[in-house]
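We just call them A, B, C and D in the order they show up, numbering each chain from 1.
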């Protein structure tokens, strides 16, 4: 048996490892930018898809189907991102006689539309944020909804996701302009201009429940994850369990998540996301019909291999675990390590990894997609990998996170590691009293400034220069500082993109 | 004892400080900020350096000279750049800064490798503060490079679609809202 | 607070990680061979002990006490090996005002003597192998014991351990010569000629129980480990739990182990070793009064950090866990990776690690003491590190072990990795029906011979040569094959040493 | 197509086999054991090589030329040495082996770096099969080097306490139980 992963980077390697554990051969696909990437070197088979741009390679359905045919792959796993929540790709795989390792296309479609998924959730009795039941045809419908529900509102593109296509509206005077802009953005980004309004939940937590279903009607939940540490709606740190969820609340969240999955007859690994309001009420946000980036924290705490389960149920097997046999142990935390410079507004930092030292020892799991010498290009998502730590409780997990971060070294590109080193010592993060906007508030100028140089740092620098007279003589004279300070200042003028 | 090297280090906004490194009887001796430190340095097989001080403290990190600003350093607390220059260079840099007045031409440079997606201005164009000059793609992001004060575009150094290295010169803007005639730059 | 580890390699790094998790500063010690070793680079403080030979460095009590004094360390952890079971060192630490992270010297002494420990165990009701209660003064006493207990017998040096100083005796005619040789060896190796006889248990398993005690009288067991995969009495692979231990047997083993520890008022982390006979009877073998090499398999399955517990109880704290709160999860396996060539009779293979790739992903833990570029010298124990895998059950743990071994690369020195790659696919090992002599029987000539070269291997070799004309031209002509074949043949004539 | 190289490979006890590697239109072409394989090879940043075959199979490993026996190789199944020689060298090696008769002198070499602990024989000593020649310490083990057939010690090339590199010549023994007079070796 052979499984093709229609993806790259750490998630391709993660799925290949599950295949090895199951005795399934692996097929990698690659673009011209990735011929020497780790996921290719780890596979039993590998097929070139096309040039570097994703549209011509990792998003090319014909190239992917041809690669499966050429290598005799019978299973296709989409990973996350790229074609992972694309119902047409799932249908194309099935049409080509392949087993798609994911939910049925109908479930992807139902949950892919915000309006349709809200309609189904309402019918299934899953609590949803008060909102319009259909897209607004004109701004006046939003004004009418706002008078009923109260401000602030959140305008949302029905086809949106991942924090894109949303706009906060403070009062009635902003509605017309906000509606026009959100509609045109929704058309531009998602090809669908449908926009509706919801009541905005202020300072919520993002809590999500892991779901596993099989083709025999079994659907179970595998606990919740806390994903409130976000930067501009992008998850940065995830934990399992949530410090804010009591056993009683967990039970209600999991029941609602199973009801949500049951409403679309879910048959794979998936995640139901909720907003948890400060008053303890929770509301369905969306369901991700795929493997989640942050799935490892659930695996560490609940002792379940989500990827092997996902592959097994795709092949028609029953879930190997029952809900009543699962008990959580300890606490896990994941950091997403990106090739971005958190000290320069998270600007992308492509380049060559000149040295890579991964942490090790008890409670440390590395899921990374790079090696020493890897080139981080500008073509794809800049996530390099994930650091996952596990401890007997949250304090030990935090201590192990600090320890693992002190061992971690990536040289050659800037990464988000300095952000995590700062956050793991932050009293508010450590106390767990956060919400989805907390990090954006916390990231004020100077938050990540390094402390003054220590004596050790000064001497290391001086020893390095003493030891390398050649590099000193060939180095160009330093550019006047003002230029670079100016550039950094200009950088901060950039709008979000 | 024989002097090995003298460097001048500057932290952001800090005053320059001299470091003297000399070889001592059993290791190195550094004088810095009025303190004398005796220590020993060993190169590790993976390229890091381990410093061992007289009281037993050990400090391990990786550092390499960087072309534009001194030293780039990695250790347990993460990466940090350290601006180090020799005294002569440092004086030159200071002088340059003092000359840098509001009337000076402003260079816009790429902060990271990328590709030019769109150029919104041409040589001679009058530009306002906040006006979009050009758009660069790096990774999946479009980065807008905007002007931060009014002026006239003195030159555009790149073309659409061009691949850029980090630090590449993009556009030069001559400041001033009066707008001296284009083309007369020296 | 500052803790000095009187050790090197992976165990020094393991203990430093526990210190970081507890917020304790770390002090490394090193010989001249280890100035650039990973354990030194990982420490907050480091002190040179002396020249490379262990007697002048890691075994030098005055140098260790001086290092603690110089750095202000108040805690000393001995690791395993070196001074770990040396009561005089423990006393010297206490005498110098330091906290010794280990049991009381009296417990070390009581368990360090086979005769004394057997006497105490008999008194405590712990089952022991039938044997003489005192050392034999002359061979005739052994003959008399043999007539009562029946042959075969095992002669043992009272001060021996680690598989040294033991001799099998098949019948009465062998007693006199065996007694003379064992006595003289015991004098030579252990400085104590006391020898006694036990009934030999044929084809036993080696099962050991993890013990944790504190200074307030709490003593708990943390499950058992299976350590029957041994080469010449040296453990090679360890597992938790044992495939041969039922819950009922586990309960009896653990009760006996706690009784054994209680008999010496044990106040630290320790291990009680048993021989499990094919008929299900078990007998006390010895107690190791220290942290065990294979402690990580227990940590993975039982969710307890044994090293942080060990440090905490040394500082006078109570155990942080109670026996009734502990439940095992899944199955863990550890492989000890040595710089030895299993294809040449496990000959030592010192040299430089020219490349090191560690496995990663779910269920993989690396505890290693080397890095790429490290030099493996002839001065110390050749263990490079340990690979630990964890899965929901033994089949998944074995699958993950095979996967991790396929990712593992150490180039530059020969290692025992090829042995593990062979064993993980061995039907007898997979079935778990093994005993302490199983591996010695299995290691027949040809067992580790690689399969014929695959096409891929042939082409990789040819491509490498095509690509490196320089190295081809500067390479010396190959030595005639017969020389090396002869050398390898001679190698197999070496006696055990 | 242009021939790049021809090698002769021998497995232990196997017959020599020729491999031809040529550059083809899109990659490499190898002929070996009657089979023609088309494939492409890429060097990875960490020094490994990835081979990609026409049917999609991928194989990744590290290999480096070894001075004494051809190629040393690491991949997912572990390390293995591969004896590769060019045809000329191979013929020489064969010739040498055929000459190697039971009457030939036998060289005893260190198989690993270590230290000479004890030397039990001297030049001219008559030795029996199994007799201890010398003891070498490597790591913490004492390794006894013993004679495997009777003969006379022609020379001892090391001294007690000497540090050894792997492959160092230790002792030469001239075979035969008759024992021709020592010192008459050429």
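In this section, contacts are C-beta pairs under 8 Å (C-beta built on N, C-alpha and C of every residue); 3 or more make two chains touch, one makes a residue touch a chain.
Since the model is a prediction, treat every value here as computed from it, not as a measurement.
In terms of the distance between Cα centroids, chain A is separated most widely from D. Comparing chain pairs B-C and C-D, the larger number of C-beta contacts belongs to C-D. Remark: chain B and chain C have CA centroids separated by 52 Å (rounded to whole angstrom).
Chain centres here are Cα averages; for chain A and chain C they lie 42 Å apart. Taking each chain's centre as the average of its CA atoms, chain A and chain B sit 33 Å apart.
Touching of two or more other chains is recorded for residues 43, 46, 57 of chain B. Contact with two or more other chains is made by residues 42, 406-407 of chain C.
The part of chain A that touches chain B in the complex is made up of residues 339, 344, 347-351, 355, 357, 377-382, 406-407, 409, 411, 414-415, 417-418, 421, 450, 452-453, 455-468, 471-472, 475-484, 486-491, 493-495, 497.
Residues 4-5, 7, 9, 11, 14, 19, 21, 28, 30, 32, 35, 37, 39, 41, 43, 46-47, 49, 51, 57, 59, 61-80, 82-85, 89, 92-93, 96-97, 100, 106-109, 111-115, 130, 137-146, 148 of chain B touch chain A in their complex.
Put simply, chain C touches chain A in their complex at residues 13-14, 17-18, 20-23, 42, 296, 299, 303-305, 307, 329-330, 358, 360-368, 391-392, 396, 399-400, 402-403, 406-407. Residue ranges of chain C in contact with chain B, taken from their complex: 27-28, 35-36, 40-47, 67, 70-71, 352, 371-375. Residues of chain B that touch chain C in their complex: 42-46, 48, 50, 52, 55-58, 60.
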